[in-house]
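Labels run A, B, C and D following the written order; every chain starts at residue 1.
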Amino acid sequence: MAETVLETSGLTMRFGGVVASDNVNFKLKHRELRCLIGPNGAGKSTFFKCVTGLLTPSDGHVFMRGQDVTGWMPHQVASLGVGIKTQTPNVMDALSVHENIWLAARRFFDPAEARARTGDVIDRLSLGPIARTDLGQLAHGERQRVELGLVIVTDPWLVLLDEPAAGMSAEDVDRMTEIIHDITRSASVVIVEHDMQFIRSIAETVTVFHQGRVLMEDHVDRVMTDETVRRVYLGKKA
Amino acid sequence: MSLKRREFLGAGAAALATASLLPRAALAADTIKLGSILDTSGIFDAYGKPMDQATRLAVADINAAGGLLGRQVEIIDYDTQSDMALYSQYAQKLTRQDRVDVVHGGILSASREAIRQTMRKTDTLYFYNVQYEGGVCDRNIFVTGVTPTQQVEVLVPYAMKKSGPKVYILAADYNYGQITARWIQKFVEENGGEVVATDFFPLDVSDFGSTITKIQQASPDLVVAPLVGGAHLSFFRQWAAAGMNTKIPLASTTMGVGNEHKVLTSAEGDGIMVAYNYSQELDTPENKAFKEKWKAAYGDTTGIHELAVSTYQGIMLWAEGVKKAGSLEHDAVVEALESGISIVGPAGNIAIDPQTHHAILDVHIMEVEDQKMKVVETLNQVAPVDTQAVCNLQENPDDNMQYEIEI
Amino acid sequence: MDRSAVRDVIVTLVVSAILIGVMPMLISTYTLTVLIIYGMLGLSLGLIWGFGGILCFGQAAFFGLGAYVYAISAVNVGESTLPMILAVLLTAGFAALLGAMMFYGRLTDVYLGVITLVVTLILFKFINSTAGPQYVIGKARMGGFNGIPGFQTLNVPGDPGAYIWGDAYYYVCAVALIIVYLLVTWLLRSSFGRIAIGIRENETRMALIGYDVAARKTVLFAAGAGIAGLAGALYASWAEIVTPTLFSLGQSAEIIIWCIVGGLGTRLGPIVGAAGLAYLKFLLGQQSMIDNTLIMGLVLVIFVLFLPRGLVPAIGALWQVSVGHKVRRRPARRMRRARNG
Amino acid sequence: MDISFVILVEMLYAIASLVLISAGLAVVFGMMKVINLAHGEFMMMGGYATITAVQLGVNVFIAMLIVAPLVVGVIGLIVERLVIRHLYGRLVDTMLATWGLSLVFIGLATMIFGNTTTGISTPIPGFAVGDYQINGYNFFIIVVAILLVVLMYAVLKGTRAGLIARGTMQRSDMAAALGYSPDRIYMATFFCGSALSGLAGAILAPLVGLVPTSGGAYIAKAFITVIAGGPSLIAGLVSSATSFGFVSQVFTFAISPVIGEVALLVAAVILLRLMPQGITSRFFKGKL
């Protein structure tokens, strides 16, 4: 049995009277790829923010590789070797692609090594032609890809992605799928996603959130056919 | 140590100045240069502007009377914009580039201290024509304004006689206020009274509501308020607004220096007791002539205040010294001024005290009445006993500091 | 990269050597000295604000603190070397504490502005109310509103009798500014500087990469404050008096105006802006036609509206246009976000 | 007994004057996310407008309550058209531009009125409470502040303009979606904010002397009060004015006015450290 790399127990987040995340117990195994789905306001993003340290949970605990990281600052979480990508592209707009990725690499490696790794990632993500362009001038899909580059340049063992495929073209999504499969060779991955097409193409186990709670957790095929899930989430489409 | 330093600096400064400015100095030898350094803009310009006007009037008078030593006097003036850093810069410019023969100016004590050493190092005679806290002891400087004892020793007994022995002091929280408050305390006690409390206020405090309540709790017979500047003026207004002005009498050593009594309505200001060297209401031929000249030059006389008159008298004293010395040479003029020289200015007879280089002058006790200062009593030729207690330039001509006067 | 660094240093040294030699022919060294000191003060805010994205309304507080620390310790020590060092270290230390308090509290933009403004006011009010005889540090009377005059000015280290003043002091200050400028250049070229710029651009992202944003901002803040402290100490030694107006909001405002006019996000801009505007103010004092405050205000409004990037970047852009597009370096267009972020 | 009543009045007065000082800034900040650093100078101009009007023979209450707000409101309108509207969405740039404007106004006022302190006397006499005299004008200020808060609440809650205003505060694109030009809303808001600043300056003018630099004494306090208040306009204003007024008066009576001012500032630092987004980001959430 593989080791558990990420675990939450009784994770609860309240905003005033609203419970955005309600007693969530969650476990992720080594090299597992997990998707979190649910309708808007189901609590996926709150859960994500609590895990990454962007929010401090009102109650409950977060463990990474057995270590209690509840209430840590985001930079402390990231320093454990966790790669994080937030919902909206979060990059340094006035800096070039190269500088962006270099800054991420520099956190864990000396300048020379950081430069080498930055070059590698730029090749791997086919960012070569735009390596010297400022992020502010890039298209949405490219920015998403660069941000993924920031995440993987340090070889994280746990990758947390919030809607990596949002607003991307079909071609971009394909490339993203490829990259994510690549990542899972060495790391565990959690993806918060809306795009069902995308989820079908990458996921095995899916966790469904509803009203702040975990509604069900199962293989993607079974989740897709589940009546309750269809009602709360997919039902709108049907 | 300080002597060694001065020699070092003096020699260097002279060398620098001569090297860079020889041609101009030779060229301008036909006029006598009077440097003026005042805040004629910025927050202190209410003090500085009339002083500047008085400077011009004095120099015009001197020139109209044929100048000094057969030469005309020329003013070189800079506006320090109420900025202390500019005092240092313009003082350097006056002494090293313009090479003036004398400097009149400086308003705040801080501005005086910012330029005093520069004047001393470059052997430029310096006149500080402002009422201040006293204690400056430096052979290069002459002070023609009143010091705390000159006002307080006259004002406090008078005010206590009119009111009673329990005194509450409200003072501006800076050097002048602190020292004046201590003199007030001393003279109150000497006159058999008691100071019930002393409160200090930084110059930017303008809300005195709680203070007025506190004063009422202490219920004194008299409030002495050496408060300074525009913000503190609101004390007198709030005091009147609370209806206190008819209950407890007020005395001040500062209200009116910048013509504050003309800003207050007569209902607010009437009855406040003050003591100064000058009042526009002084009924002397010199004052009448002065006011007429001022009116002819500037249209109306509302701007004239204590500091303007001090400036006028300071320049006249300097001119008298130059005449007596028959030269502009620094030490000759200082010696002439130390010979007990005096003039009769708009505020009466004013003489230089050789021991302190401060002024011996008349002090008038006045009461504010209908936005005017009505003279009640005049004390002739009051000496600056506070500074005399710590400073004797006849015995220690090399003295160079501002003493904190122990009381 | 290294070659360009060497070139940068050489250009800096040559240009400044020429300026040091030429300027005294145009302006008296006494005035030049204070322009240099203001330039250093401008640079200190330029570093914090332009490269760290930290808008500090209280840079004058560090300037004043440096000046007061120098004055107080010079009165007590009677020699200038230790006071100079103390002025830098204590000011930087104070800023580190303040910065840690703010940055670990996740305070940003406006809130940061309020705190720095309030701290400046507190210092001003405190120093302003120390006229009483009970406020003494060692041998130094605090003096309240009137300030502290008559302390030991800069001397040759180890020899309190050998004063450095006049022209010599001008050269000392000029060299100090060059050293500080080169240090800032080195800092910005180092990983630390590049990370600081990353933080300016996107704090959240830098935290998610794993950088301790608060710690780094604190260090940068302290470094900028240390430079301001040095400028304050040099100023004290120049003016031979320190007064509470050094802490005033007006002084803080001027520093901000210098940076805006000179150009934020450049090293040179704040220096040029500071020296230029301070000299303008000096010249304006010799006329009485128009109120000087009015002119300063108009300058600021006009720059914000029409030249928000400041003089130095604008001239740089003009230069590039006139020379052609051969220059490979990217133009200094990096500031927009930091200023409005 | 009398003394505690007197102290209570002083405390209410301190709170009321903070509300007055900050109201104009709060409206502009709450609605437009613009920090008007010329706010203090708007107050100063309100003071001068009042004094000039009184000297021209206008009744003092009309001068304070009508002339000053109108004059300053119009000046605000001009400023908004000429400068501010070019800078919407650029928080720091508007702060800098308004700072520049504040210097311009100080310069203009100096050239017109000079730096001599001017003022008018308070139009309401003092009266006695037991052994103590109280400044009657304090009550006027307290009443005006209360009326002002009530009026603001009524306008925001009860009128169509208030509805639009509330919408704009929540989402700045809301008004546009409802078919109102944001440009006109901002113009109107800035006019109201400026008028409030002018009113505050006018009402405080009889108490404190007026010089062109008087505004500087208010802007810091107003700035701190508004920012510490947080996102809710009225609740934020009242809650932070109350906390600061209370703290500063306690220390003023216990020790001295200077310590009172310092206590206010220290309270602001602590408050913002604990609640970085202001009081109403934690309490009174979602209130006006």
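The definition used in the following text is that a residue touches a chain if its C-beta (ideal position, glycine included) is under 8 Å from a C-beta of that chain, and two chains touch if they have at least 3 such contacts.
These numbers were taken from a predicted model, which means no experiment stands behind them.
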Quick check on the contact network: minimum steps from subunit B to subunit D? 1
Average the CA atoms of each chain to get its centre, and name the chain whose centre is farthest from that of subunit C. A
How far is the middle of subunit B from the middle of subunit C, if each middle is the mean of its Cα atoms, in Å? 36
Averaging over Cα atoms per chain, report the distance between subunit C and subunit D in Å. 33
Cα centroid separation between subunit A and subunit D, in whole Å? 47
Counting only Cα atoms for the centres, state how far subunit A is from subunit C in Å. 42
Give the residues of subunit B that touch two or more other chains, as numbers and ranges in rising order. 41-42, 173, 200, 202, 204
Among all residues of subunit D, which ones touch two or more of the remaining chains? 110, 258, 261
So which stretches of subunit C touch two or more other chains? 125, 129, 291-293
Can you name every chain pair that touches? A-C, B-C, B-D, C-D
What residues on subunit B touch subunit C, complex-wise? 1, 4-5, 8-9, 12-13, 16, 40-42, 78-81, 83-86, 88-90, 92-93, 96-97, 108-110, 113-114, 116-117, 173-175, 177-178, 200, 202-204, 401-402, 404
What does subunit A use to touch subunit C in their complex? 52, 54, 73-76, 78-79, 84-86, 90-95, 99-100, 102-104, 106-108, 111, 134, 150, 154
In the complex, go through subunit D and note every residue touching subunit C. 35, 83, 86-87, 89-93, 95-97, 99-108, 110-111, 216, 220, 223-224, 227-228, 258, 261-262, 265-266, 268-269, 272-273, 276-277
Of subunit B, residues touching subunit D in the complex: 41-46, 49, 173, 199-202, 204-214, 216-217, 219, 230-231, 233-234, 237-238, 240-244, 247, 258-260, 263-265, 267-268
As the complex stands, subunit C meets subunit B at residues 28, 30-31, 34, 125, 128-129, 131-133, 141, 143-147, 149-150, 160-161, 163, 165-167, 235, 238-241, 243, 245, 281-282, 284-286, 288, 291-293
